[in-house]
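Following are the structures in question.
Two complexes are shown next, each including chain A; its partner changes from chain B in the first to chain C in the second.
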Partner chain A sequence: MFRKLLKPFARFFEMHARTHYRAERHSFALAAGIILAASVGGFIEIAPLFTIDETVEAAPDMRLYTPLEQAGRDIYIREGCYACHSQMIRALQDEVDRYGPYSLAVESQYDHPMLWGSKRTGPDLARVGEKYSDDWQMRHLVDPRALVPGSVMPQYAFLLDAELETASLPDRLAALRAVGVPYDDAQIVNAAIDARGQTLPDTDWAEGVAERYGEETNIRHFDGRPGELTEMDALVAYLQILGGLTDLPAEMQAARGD
Partner chain B sequence: MMTRLTVAERQSAMFISGLVAVAGFAMAVAGHGDPMGAHGWITLLFAATLFFLAGEALYHDEPTEDRSAEYYDDPTKAGILISLAWAVIGMGMGVWVAAQLAWPDLRFDAAWSSFGRLRPVHTSGVIFGFGGNALIATSFHVMQRTSRARLAGHVSPWFVLLGFNLFCIIAASGYLMGVTQSKEYAEPEWYADLWLVVVWVVYFVLYVRTLARRNEPHIYVANWYYMAFILVVAILHIVNNLAVPASFGAAKSYSAFAGVQDAMTQWWYGHNAVAFFLTAGFLGMLYYYLPKRAERPIYSYRLSILSFWGIVFFYIWAGSHHLHYTALPQWAQTLGMTFSVMLLVPSWASAGNALMTLNGAWDKVRTDATLRFMMMAAVFYGLSTFEGSFMAVRAVNSLSHYTDWTVGHVHAGAMGWVALITFGSIYTVVPLLWRRETMYSWKLVEWHFWLALAGTVIYIFAMWNSGITQGLMWRTYTESGTLAYSFLETMLAMYPYYVARVIGGSLFLVGAILAAFNVVMTIRNVGYRAPQIDYPTASEAGEPAIPAAE
Partner chain C sequence: MSVKERDPLTGHETTGHEWNGITELNTRVPRVIWWTIGISHVWALVYWVLMPAWPLVHTYTKGLLGYDQQLVVDDRVAKAYRQLETWRAPLTELPAHQIREIPEIMAHVNATAPALFGDYCAACHGTEAAGGPGFPSLVDDAWLWGGDAETIMETLRVGINAPHPESRIAQMLAFGALDILTRPQIRAVVDYVQSLSGLETEATPEVLAEGETIFAENCVSCHGEDARGIRDLGAPDLTDDTWIYGGDDATMFTTVNLGRQGWMPSFETRLSAAQRMMLTLYLQDLDAEAGE
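== the complex of A and B ==
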């Protein structure tokens, strides 16, 4: 039956096989064919994402990560949190009901790299910011099962004892600017001071942070221990800003009645 | 092994390893106080060891035999052994991280031992360490036999093999220190990525130069696949790893892409790592070792052509099926879904071609566990490609994505297809390479087969259950229209399946340990037997015979 079905194409197959039989004697013809065949799909799918304007929504209120939040993001990556937590709420009813408005492209516009994730061993974190208190986040990271019995999350108590390394923050912000995040010179030069300032409310340093990153910036003792700047401060500061970089998703989806 | 090289080759080996050692020292100095510094010392130690190994043999006698009269198999032998070592490490890590998900306290509170840091050690360990070394080793073996020509060079194969392993060591040790780009299957940082590019270019040049020496006008199908593997992995690796380091003295870098473009690039890479690393390369293995072992020619030349070009062309589009219902534009999602479904045609053409090749040799499948490994690999290849096309459909994906179903699917491919074809190929090639009569113990091969099969099946069923259960629980509503289960409840329901997964994975690991033991004992204890014809020749009289079933 198979043969009968393919019969109309027999001549094409015949020709194809013969051509191939000749072509496969040339390693460079083969190599060129492979590169060509393998390039088409990637080019057609990826290139337009950079050129079509609608791909990423316009969100004028979109803010940047502060140096402390960026440092927290780097710790999130270092510890591999993305292996178990996604940051991408899909446009499905149950996800919107569970986690909040579905994620927009603009929300990760400045995420180099994105942390959308591929597995939810733990819940999605795209909108976890301000859902729990700083204290809850800190205690949960120190001992997850004390707050959530049955959780399988690893403990991260050592973050409380690890002093945050800030000296490299200007370099890190500069590298981010090189790949397209619009940090200005003042933000880069003051990155190390601003990281500390964000945990010292009511000081001149804190005012500098508010001036450079906006009045709505969270300025608090994130790890509950004033005076020390720890990796816990950075990670909690990052978790608390997730979903809070722009109000656009909530506005858009409220307007549409979703 | 050094004495098989000429003095000039020993000198260039010393020169290259010396150069790498200096680069390692420079990294150690520049990266002082950063994990990059530790990587510098590791590189220095690795290269210095090779430097002294070559140096020690420098004044020994030159090889007197006519080297062009035989194949050069030393790098293949080393690659097979290294691959088996990585198999035990990588699968051992897999069992450990799986156990952590069932019993989180198995982490023992160290910073380096959390699930997040160990998981990439497992994935890179099995994909690159076990799979990559097996691919490099077998490609050296296959390209020489199918070209009837000796490898083009004596230092470059070692450079490729050992350079690749330096990359693997830097990757794995980096994850433990928290060095990662977070891109799945592309976690190593910028300096490791740059090094891999150098290694890969040498690999391609070596491959093409060996093909240029061939005594056979046609390039055999296996070589098309190995070539696609080398070429496309290079493209994927370079594009997805484009990044700007924060400084040249530290490991941290930031991807050139952000957000939605980064997601598309990452999954274009990620899915095609599956396509061109875990499929194309291993199909190269299948197309050589399966017909050899079955002593049957490949069933259909035309199906080979169809499936090869189908796989190369269709697979590249499929990556966006990882991003259904996300912020990726719908048109890109739809393209990914469409091509994923079409991909079933060339995939099944390959699997069918392999199974039809066994026609007339099914009695051997019954008695020869080695051939059965390869047969079962083809079956799992067919099953997991069907499952993959199915899961790429948007409606199915809405349930399966983010759950263990994906994990189960990956392991159906990785354990059932990749590992089984590799073990089958290793059992075929080891007696040939070391000129042994047979494997040390055919009973152990038989045991390994059933352990691997049982482990894979238990693993897959556990993940189907946990994934579908959790996916359904997430979307279950009460009658009043609220979500029925909290996230925690859906997670607690996973416990029995996570325990089952540990059991399945452990069985598979035991099988791999048996394989390593069996191979070592074969080399040490089994008697010598010269193969009939296994040397470069312009004559078409015959190809190397493979020992019949044990």
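== the complex of A and C ==
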């Protein structure tokens, strides 16, 4: 039966075989052919995502990471937190039940690089912001087992003693603007001051942060120690905003029964 | 194409490659491979028609089945909640004491609440709900804001010192850092407060008298004239033997010197009203069990 079905294509197969034999004898042509063939799939699957409208949802309330949160994000990456914690709640019933609304593409819009991850030694952190207090986060980072007896997470107590380096923040924000994060000039120029201001509630600096990043910005002593700006401040500030950049996921997925 | 040769033994052509006199047979592709390729192609055609497949410029073909993973999970979650509706509805409609009278619902609550507690409460309050430094015990009957069902429900909903707009607010002033009290005055009032709850203190009667005066001038507005705390303000009872941060000299000095503002998250968006009611009932049971 097959022979009958394939008969009209006989010439094609013949030509295909000839070309193949010829290519087999030229290793570069063969390699180029393999790369070309393999990239067809990638091109058809990936390239259209850049033009299809619904790839990234529209979230008008999406806010930017403040310089302190961005610094915390860099520490999160530096310390390899992503190796054990994902930031991606998949569209699966059990994940939604445990972690809340599944992650939307727009939530990672300003993440460079994104930290979705696929390995969970610890829990997913996509919506961990405001789930615990600053104090809890700080103490948990200092000694995880003091609060969660069975935890295997390493200690990060040194973050409390490490002064946060802020001088490079304007450049870091400018670099992010270069890849599409809409920081304005005032935000970039004031980045170092804003990082400090976010830990100094009721000061002019804090007002500057609220003015540039919105009234809903968390302005607190994240590490519980007023006056000092530590890496702990930055990391806790970052953890507390995870899942809080936009309300869209909660609005889209409000149907939880009551 | 190279010179074709036939292998005399099998009758197949060879590839024309030769290594030290050994040639390679060019055997036919096995039939099963052709079948697999053919079926895959047919499957792909069917899939293109039924499922989202081909990218167009700004959109894509949705497929006859209209499958969308996000819609599927939305639907499943909604369905799961509808199935629970028979016993969840009363949790949001009835007051706590009436829920307790319905054994079937309480059976569900007792099966579900411990898992909720483990996920949302145990990180701070401990797996045994006994608390720890900075995190109040939930089984000592010393409720900061009150232990009746409505109060617990409200505390769970808005949190304490949380970013929620209606959050309960309770802050102890930093009496030392704000220069309201001097260090000797702080030590005196700490001694006095320790004496209230029967802790041993080496302070002289004069110091205690000074502490009492300082207490009357600075502390009674929140902790009450009898130092038994004021629940509407979330100010703890200072005469009992429970301490949130600790009753030793150093900890109490820090408490008065730098102030305290414990933070409990708001669970209004994280937990449904029915889930908060389940936790409330569970907490009350835990507290009652511990009290026995």
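Please note the rule applied: the second predicted complex is superposed on the first by the 234 of 258 C-alpha atoms of A that agree within 3 Å, B and C clash if a C-alpha of one lies under 4 Å from a C-alpha of the other, contacts with A are read in each partner's own complex, and residues count from 1 in each chain.
To be clear about the criterion, a contact is a pair of C-beta atoms (placed from the backbone, for glycine too) under 8 Å apart; a residue touches a chain by one contact, two chains touch by 3 or more.
Since this is a predicted model, take the numbers as computed values, not measurements.
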| item | value |
| --- | --- |
| Which of chain B and chain C A:148 touches, first, second, both or neither | both |
| Chain B versus chain C as contact partner of A:171, first or second or both or neither | first |
| Chain B versus chain C as contact partner of A:54, first or second or both or neither | both |
| Which of chain B and chain C A:7 touches, first, second, both or neither | neither |
| Per-residue contact with chain A, leading partner among chain C and chain B | B |
| Which of chain B and chain C A:81 touches, first, second, both or neither | first |
| Contacts of A:92 with chain B and chain C, given as first, second, both or neither | both |
| Footprint overlap on chain A, comparing chain B with chain C | 21, 44, 52, 54, 91-93, 97-98, 102, 148 |
| For the chain B and chain A complex, residues of the former touching the latter | 100-102, 104, 107, 109, 111, 114-117, 119-120, 175, 178-184, 208, 211-212, 217-219, 224, 227-228, 231-232, 235, 239, 243-247, 250, 252-266, 268, 276, 301-302, 305, 309, 312-317, 319-320, 322-329, 332, 335-336, 339, 398, 401-403, 406-407, 474-475, 477, 482-483, 487-488, 491-492 |
| Chain A - residues contacting chain C, complex | 2, 5, 18, 21-22, 44, 47-48, 51-54, 91-93, 96-98, 100, 102, 130-136, 139-140, 146-149, 218, 250, 253, 255-258 |
| Residues of chain C that touch chain A when the two form their complex | 1-2, 31, 34-35, 38, 55-60, 69-70, 72-74, 76-78, 80-82, 84-85, 88, 92, 119-120, 123-124, 127, 132, 134-135, 162-163, 262-266, 269-270, 272-274 |
| Residue numbers on chain A that touch chain B, as the complex places them | 13, 16-17, 20-21, 24-25, 27-28, 30-31, 33-35, 37-42, 44-46, 49-50, 52, 54-56, 74, 77-84, 86, 88, 90-95, 97-98, 102-124, 144-145, 148, 150-158, 168, 171-172, 174-176, 178-181 |
